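Letters A, B, C and D mark the chains as written, and numbering starts fresh at 1 in each.
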């Protein structure tokens, strides 16, 4: 018997409209390396969506690519980036940021979110040329532990960073889920006024692959394609990224898919709560971390794929459940039944 | 009027069977990062094709990725790679190899191909720790100027490299065209016995994206997935690379496509010769460099896309024509008519 | 009035015998880059002192150089080094280790010393290729907060590292002070059997500049001079490092100087304790961290140079006092008087 | 019998005044890392000598350090530096520039000197983001083959570089010899108006070690000490570099030593010419390359140390003779006698 997977949001292929779009456009001849008409149109629709006609938009294949290309393009050799200890760049990129020569100043957090006081403390510690110079701040929305930034929080970070000459970069691998969360009060256009650069995750929200880097700060625009090429991120058939983002954003497919994703997670949350289980972190997006009895976990793990996150006590552990745009409600319902 | 493009071999999407395969497999849940069943099967069929059941096969998105990940995994910080001045890594990767810390020792060649004497001269010049230590040799087949290595030439390189403890790496961005050339006398299985590592180019022979790195030398296997991840080349939905290579190699689609590609080039060559034009380099693969009168070039450029490669004399220039698996014979015929 | 400085152990020049040796050898012609007779003799005397005739010895200009050359020579691109959060490489080298592409996995400690359980926990967290692979352990003796490793502690680390295939590297910027501490039970020869590589600090113990890297593990020897040259650490007149280490080690000047250094610190410790002040960390080497009333600190700071380390409570702070081989007892006596 | 060495200009220690200065200043307490009073005074006298009170002056230990710190501080990751194929950075630094991630675009020259047309041709070839972007030009004076730039030549390079937004950097490892050449028509103050940054070589002109980086262009000043620290070039006892440069420049010792050096070379040149021998390159500084019969070379090599540079024909080779500030006229005279 094959288990139904709640392990992550990249277990399936792409939304069928995307597969279809790849087929329809297939024999059209166009320039390579992201200079084709689909990429151009996709850039336009994204600029419209964020209400910023001047934004630069570049497409890359994955989140680690986006993160290290953006960050290494911002930093001089002796400059560092500040991030939570749970940040993807700090843990799960096999040292890719460091491989470009830069230190990550990490901060312990309770919920994966950075706060002004945290960043200030890093600045206070870095006073001279014997230490790195913090120059950028990395946040993710939603975070690696499923939490999201509300408008007030992001505004506070933005104000602080601008005052202290720190570039603010937002990793949006799961931006769809964050922005479609019931707890969210931030539009993508507002977000785009608060950060210097961010990326919109396609891979985890309906695409085969692809992330859209959006540059808002003029100082980061120059020669960005050189960074893309030198960091081996320009695809010869760059069109396949444009085609997918065009499909996701020409109407609101991107948000529809994220809403479905979140709905599936919410349904799980609702029933897990009903059974009086608690959560490691407040469940607000498509990654949820219920704390369950080990006996129940053992039972569920026979039918479903998921990660056991950490031990809580001798009898309980937190698990991670992730829903995706392809999660089928019938399996959510089955899972709920099996919670009994 | 839109021009028909002979500019390169990545102007269109993928072969229709590949688009179809992506659709068919789309909703199957599987593990990410290249550990899915399609990648596993694709590795098997490639191992069979090269007749080496022990070979390691890894899939990446593009040629620059393959080149720098392989080369930087081979070299210690002070070691260098030897390549022709025309090598892709030396010219058209925006310094990606150097960005990983390594020097390229370049050699001038007449035809893009390295020879034993060239490599020996580099070794002779590098005698102590004040200079880099050459440790790998980069060749491409077909080369960046369309030439191919025959069996004897590759054997000579292989013997020399093994004797001199140099790793031999072959860039196969256009390996299909090389192996299906009328002038070729080398099988992919023979090739795999002569090099330490090579890659099979998918992007330029029918795939949307994807290159298959094949590791033959035991010393290069260890922890290769760490290199892939750290160098931001592991796709979350790695399956899309496996699906494509499985389709290309489960029967001989890969070679069929390359044969068509070469046939289109050969037809062009035949007629260009018939008109008594010569070539910059011997035309044996899907990149050909005819030398034409500037007046004819001007005329052709109104209908067809191609690059003017270099000036030959005041009245003549060499142009580059590239055919692909998607090149339509009707346009080749039109081009031939327009040669008059 | 000029203040007498207890700020660090590099405020003066070199021991007079070293200045003299530079003069005496000055016009002798010899090879450059560390291949002169003084470097050779200095290597010999160091090998004798550590009782290991096979050890490789290389001289570099400073501690940051030694650290990053050793560490970057040990690690493959995706591998990391484990260190205390207070480690010099983690804080005070401006990201030099990261600039060579490597992550430092840091561990919070109470006293700057790593323990087996700490290292095990880092290993436990790093399980696959999405994370770096810890491959070396960095310790310093004495540590950056003045503590030292005893024999049993170092043996425990050594055994653990060998069992877990981790290279153990010891930064000996202040090795003289550590080995001459009253609390020390470890000889330099014993130490050399327990680590894979370490360096003996000359700059902070009598030299103008210079650290001697000692390689014990065969696997780290090969081509080390390439690393030295490529990491811009080979001095043309490398002899000046050999001359100094020869002078320090041909008799036991190195240990004499460290003993004086420690005696000066001990005298301070004795009197500070007599006045019922406590210490931030156990004062056992030439860096001591007394906790004093702010009023007393203000008074002392008018006559002496030192760093205020951190705030303890509203009325007390810890300061750092560092003695050196050049510290004059008369000023120690004055400082003691001023403690009243 | 020990041979007298004409192998290089770093075979001896320092000028006796420098040894003496190190002794005199030895016990003075001062700040580390180049912030002591000697470094400050040395900066002042250098600024006076180059008639530019705004210049930034930083001291490092060696030429490779100076080169890669300057160049890597100028370039963004995708930018490259243009240099002659004979340039020290291109050959004899074991790939140090590439180790910081940057490509060197090399140009073949007859005499080690770059010319405007050479640089223009590199610019012409680099047109888009698939290639590196040339952003700095490296020259050395005197060059690695002993030639020097005259005023007109340097002005031409300077004008071209400013027009084309290329930073011009001059490696002055042997600047003393260049400026004191009989063929020189350039003052150090004039030179300082024509380049963006250069370094004054101490190691090869009287110091134990030390090069003074002089930054003229405002855009290169910022945070330079961070580069120095991160690239492991800040010495704890930085004073020893300041003490030496102060001694070299407080009167004109630097130029006196270079004049002696050149005089010794000129005497050799005069007599070699008298014997009707020719030179590989015009002998104008302290590196000369006479072409001699192999029989004579064999004879001379019994008494003198020097490098055989290259084979000219079956019976002749070019050798390299280098004089230094410590070269004794008596040995020059002996060598001349042995030319018979």
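What we mean here is this: a residue touches a chain if its C-beta (ideal position, glycine included) is under 8 Å from a C-beta of that chain, and two chains touch if they have at least 3 such contacts.
Since the model is a prediction, treat every value here as computed from it, not as a measurement.
Across C-D and B-C, the chain pair carrying more C-beta contacts is C-D. Taking the mean Cα position of each chain as its centre, A sits at the greatest distance from chain D.
Rounded to whole angstrom units, the spacing between the C-alpha centres of chain A and chain C is 42. Work out the mean CA point of chain B and of chain C, and you get 51 Å between them. The distance from the centre of chain C to the centre of chain D, with each centre set as the mean of the Cα atoms, comes to 34 Å.
For chain B, residues that reach two or more other chains under the stated contact definition are 77-78, 93-95, 99-101, 129-130, 132, 226, 229-230, 234. Here chain A touches chain C in the complex through residues 77-78, 80, 91-95, 98-103, 129-132, going by the rule given at the top. By the touch criterion stated above, chain A contacts chain D in their complex at residues 33, 72-73, 76-78, 100-101, 129-130, 132-133, 223, 225-230, 234.
Residues 2, 4-5, 8, 10-14, 16, 19-20, 22-23, 25-32, 61-65, 68, 93-96, 99, 203-204, 208-209, 226, 229-237, 239-240, 305, 326 of chain A touch chain B in their complex.
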